[in-house]
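These are the structures in question, set out in turn.
The two complexes that follow have subunit A in common; it is paired with subunit B in the first and with subunit C in the second.
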Partner chain A sequence: MATKWRRALLEGLLLCFVLFVIFGPISSLVIWSIAIRWYWPHVFPQEIGLAYWKQALGLQRDWAIAAVSIWDAFGTSILVALVATAVVMAMAIPAGYALARFRVPLKALILLLFLMPKAFPQQPIFVNLLPTFTKWGLAGTVQGVILVHILVCLIFGVWITTSAFKAIPQELEEAARSVGATRWRTFWKVLFPLAAPGLLVSTVFVFVTSLTEFTGTFFIGLPFVTTLPMLLYSSSGYNMQFASVIAIVLLIPSLLFMTFVQRVFRPEYMGGIAG
Partner chain B sequence: MPEVRLEGVTKRYGKVTAVDHLDLTVHDGEILTLLGPSGCGKTTTLRCIAGFVVPDEGHIFLGDEEVTHLPPEQRDIGFVFQNYALWPHMTVFQNLAFGLQLRRTPKEEIRKRVREVLSLVRLSGMEDRYPRQLSGGQQQRVALARALVLRPRVLLLDEPLSNLDAKLREEMRFEIRELQRQLGITAIYVTHDQAEALVLSDRIAVLNEGRLIQLGTPEEIYQRPTDRFVAGFIGLSSFIEAQVAEVEDETAVLETEDGIRLRVPRDALTEGQAVTLAVRPEHVEILEGPPVDLENVFQVEVVRAAYLGDSIDCRLRLGKWELRTQLPPHKVLSSGERLWVRLPPEKMIVIPS
Partner chain C sequence: MRSGSSAVEFKEFKGLRGGTHGFLPLFLLLPAVGFVLVMYIYPFVLSLLRSLTDEMGRFSFVNYSKAIALYGRDILFSIEVAVLGTLISTVLSLALASYIRLSNSRVSRLINSLTRIGIFLPYVVVAQMMRSFLAPHGLLNVLLANIGLVDINSPLQLFNIKGLTLGFLWKETPFITFIVLSGLQVIDDTYIEAARSVGARTHHVILRVLIPMIKPTIAIAVVLTFCTIVSTFTLPYMIVAGNPTTVTVDIAHRVTYFGDYRVASALGVFLYLIVGVMAVYYLRRAVREEVYGY
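After this line comes the complex of A and B, so read on.
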């Protein structure tokens, strides 16, 4: 009995520690988001309230409080991230499979090509991209922003899916072929479920990257497309309260998305890898 | 069950020729082993038959049907992999049922056939286990069952036992042999393990550097190797280079360059021909005491004797040649000791150089 209690205590302490490590930094965000007045050297705010939250969520309109409704930006962010993720994964899964399985000529070069948008300082790339996008009528449009996000995210999609497919022994596929499965069936019944954890990681990574993308959105989207990170950057520094509200709001879709994707990739798929 | 026929099958990887104009026929209902050292082309040959690899030249037939360019899923073959290749995200039942489901077999029938084949490989009641919950031997039996449940035209096995420990491997040899007999299925078995090949084959095809060196029953391969490579690869052999000095009615006499004369069966030898004599360890007879006028009797010197538990592995010097033999473990020998040995003429294996 004693060991059982000690074990429970130890586990409880460990849990507290983990929670602290994860939520400690976020808790300061929460405090900032409800601080109305907070001057140095006070440890906690002198006055707290939900004014910034109400203002940000469009529940009140007070010119004295420096926060605007975030709903439009939130909607844009989610739309852009979902579409970009869908497009990127639709490209990355077949591309990753091909790069992992077939002798693709210039494979290294192709993989490097996906790295290009991330391999150089972002600003010159997007400044350079702007005239082209303007010529195509994409500058300042949601489509243009989505396209930029796809460019930025493709590397995570392709690289992670490639290694996810590579990690699956060729024999598992050949075994499926030998019992009568076509290449297509083999992909969906054997390869895809086994690659699922890697594809999940890749999808979440792409989604979060798109959700928090700033530089490309700034150059291509301004002044007509505003996403949450744009609001955040423009208010941080002088308006910690509003910035904290946006930062917390940004966390929510990532968490929801992760839960959702985990449902899609069923747990036994994940279990399969452990063996 | 149809026979499997290979005609001039060739596969090259860059400059390396993995399989070199291979002609081979596997008879209906027999188990044929492709035996050879690693890199001899045996696995590539098997993968060509399975359809995982398309040969650069030549034709492959299953029965009357040419399958050279047919994708693997249309060949109706069963394949057992060295690393089992069970799908880790499926239970044993799902692993076995997958192929049947693809063939739109009714559910009841699937359940019945899975149950039957599991009892055949002595794994009844394991339907709901995941592969990772099974031992290596059990996993390999599931892999075998997965191939058999579809009642394929040909069963292909690629070193299926080499990941198992020695004891289990020996057991499984007999099991596979037994199953193949029982089902009367045509099977091709790839291995680099000569003992495995001798135990479970109807016939053995010895391959080296992509070419077929000798094809025959285990007895033929062991007792009458036609090639030095075969004599060295299957069983132990000591080699003595010699020339045919005399040819008589039944026998011939060989002479080495250091003057050792040996009587051997005549076969098709001609005078002056250069040959290699292969001596099996069990064909070296140790004589007690000095000989009384016997043919093929020599005095040899013990070079090294190693105690192996059930026997003593012994290297003997005969002129400039070395003979290997196994002696009963109670014999006490020390290096430098001199012994009389006899090499029975009728047991000598002569291979034309």
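After this line comes the complex of A and C, so read on.
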């Protein structure tokens, strides 16, 4: 009986600690986003309100509140993420199909190509792309930012798509082929519908990755392309409230992704290897 | 006619498994491979070449000596943060994952889903969160000051290696826990019961049974975490005030303030060297597992 109580107590303490560690920083964002005045060392703000939210969402324009409408940056972010996701999936689906279903010549080398960007830092890549992009007229443009987003997202797209196809047993395709269906027809009528949930995970993961991409956009896009993460960064130095509002907006897609996709999300999606 | 076409199809059908398919797979892979070659391998090679070139375009190590002279302290700082962050988050994750695996209570299931939150939050959000939470007058210091653990006049200064490590722990501990737990959940309960039946206590079960069984999985999680911490630019850029700072922040300074791509590239090569052994281990294992299945 005593050990049971001790166990419950320890578990309760652990839960409190985990809650504090996870929600402490998150609640700091939430409080700051509604704090109008907050003086040290008070636990709660002296004055709260939705002024920064209203300003950020374009519902009011008050010169006394240091925040701009986030809709322009939001639009840029969505445009970049939509185009990047479409291009990534258009490349990742054939690549994933090839890696999952064929004996590919030079397979080790090709896999190495898709794994290297995860193992080695990508920042020197962005830095060294910048002079080339400047020469090509892509630096500081939305097109340039889309290209680096495609690079950042492509490896995840290829891994998740490959394992989505691999998870479907080949017997069904063999049955279709044996009664005379072409490879093209077998892919669209048999494999694609079966793998669709996995492909959807891949698409959504790529979309969220693009939406929250920072480093590549920082080097290629600044100062002309303002995505939401860039707006967050530029306001973070001088305006805690506005930066917190944007951070919460950026947190929402990741939380939605987590809630809906968590069940089917597998560890190999994060590292391209089951472990 | 009919029999002829079905013979062709049968031959092709046999090819679904095993045989080669000429250029079809390469054709399917071409867009993705081509994109990575142009947008990743080309600048990767450029970064190596730039780092070895002086301003006259001659072969030289001057960028490396400059990088060491100016940023030697920061190279060590990057290593320190990576080692510290990886070590602590690994120990925490092993404890947390073992607890979740061994306990079947409602609390452990709740903790399991709570820890998932950190995996998917992007670094830019985590950075802003930590910037407000760990600030000298931030929420953490407010709470500690109000319960008397911190002097109101000298709050904790965390915009240095401490806060940076805390930020990495916040993000990476959930990641390692997720990977390790997926390994632990494959282990059959009978192993644990067998150990218990011969008198093993909980810490014996964890250290002598569970962890040894999933060593390769732990190794991958540790390696990926180390590489991520060394590579991350956002968190140190937004959290660390002044010096010392990480190499990734120095690279950004070198480029945005001086337009100096050569020393920035040399610093990049130092990043490659820091992750070197770990990255090669990861690549070898991942490729071997995919190609040969072990």
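Everything that follows uses one rule, which is that the second predicted complex is superposed on the first by the 208 of 275 C-alpha atoms of A that agree within 3 Å, B and C clash if a C-alpha of one lies under 4 Å from a C-alpha of the other, contacts with A are read in each partner's own complex, and residues count from 1 in each chain.
Assume a residue touches a chain if its C-beta (ideal position, glycine included) is under 8 Å from a C-beta of that chain, and two chains touch if they have at least 3 such contacts.
Remember, it's a predicted structure, so these values are computed and weren't measured experimentally.
Q: Now for A:171: first (subunit B), second (subunit C), both, or neither, which partner does it touch?
A: In the superposition, A:171 touches subunit B alone.
Q: Please indicate which partner A:189 is in contact with in the superposed arrangement: first for subunit B, second for subunit C, both, or neither.
A: In the superposition, A:189 contacts subunit B only.
Q: Would you sort A:64 into first (subunit B), second (subunit C), both or neither based on which partner it touches?
A: In the superposition, A:64 touches no partner, neither subunit B nor subunit C.
Q: Subunit A residues in contact: does subunit B have more, or subunit C?
A: After superposition, C is the partner touching more of subunit A.
Q: Counting only touches as set out at the top, which of subunit B and subunit C does A:233 meet: first, second, both, neither?
A: The answer is second: A:233 touches subunit C but not subunit B.
Q: Identify the partner contact of A:180: answer first if only subunit B is touched, second if only subunit C is, both if each is, neither if none is.
A: Touch status of A:180: both partners.
Q: Based on the A-chain superposition described above, do subunit B and subunit C contact any of the same residues on subunit A, and if so which?
A: Overlap of subunit B and subunit C footprints on subunit A: residues 174, 177-178, 180, 183, 271-275.
Q: Can you list the subunit C residues touching subunit A in their complex?
A: That would be residues 6, 9, 12-13, 16-21, 24-26, 28-29, 31-33, 35-37, 39-41, 43-44, 46-47, 50, 99, 103, 105, 107-108, 110-111, 113-126, 128-133, 137-143, 145-146, 152, 155, 170, 175, 178-179, 182-183, 216-217, 220-221, 224, 227, 230-231, 233-234, 238, 248, 251-252, 255, 261, 264-265, 267-269, 271-272, 275, 278-280, 282-283, 285-287, 289-291 of subunit C.
Q: Quick one: which bits of subunit B touch subunit A in the complex? Just the residue numbers, please.
A: 50-52, 71-73, 76-79, 81, 83, 85-90, 98-99, 102-103, 130-132, 143, 146-147, 150
Q: Would you mind writing out the residues of subunit A in touch with subunit B in their complex?
A: 169, 171-172, 174-183, 185, 189-190, 193-194, 268-269, 271-275
Q: So in the complex, the part of subunit A that touches subunit C is made up of which residues?
A: Interface residues on subunit A, with respect to subunit C: 11-12, 14-15, 18-19, 21-22, 24-29, 31-32, 40-43, 90-92, 94-95, 97-99, 101-105, 107-108, 110-132, 147-148, 150-151, 154-155, 158, 170, 173-174, 177-178, 180, 183, 208, 212, 214-215, 218-219, 229, 232-233, 236, 240, 243-244, 246-247, 250-251, 254-255, 257-258, 262, 266-267, 270-275.
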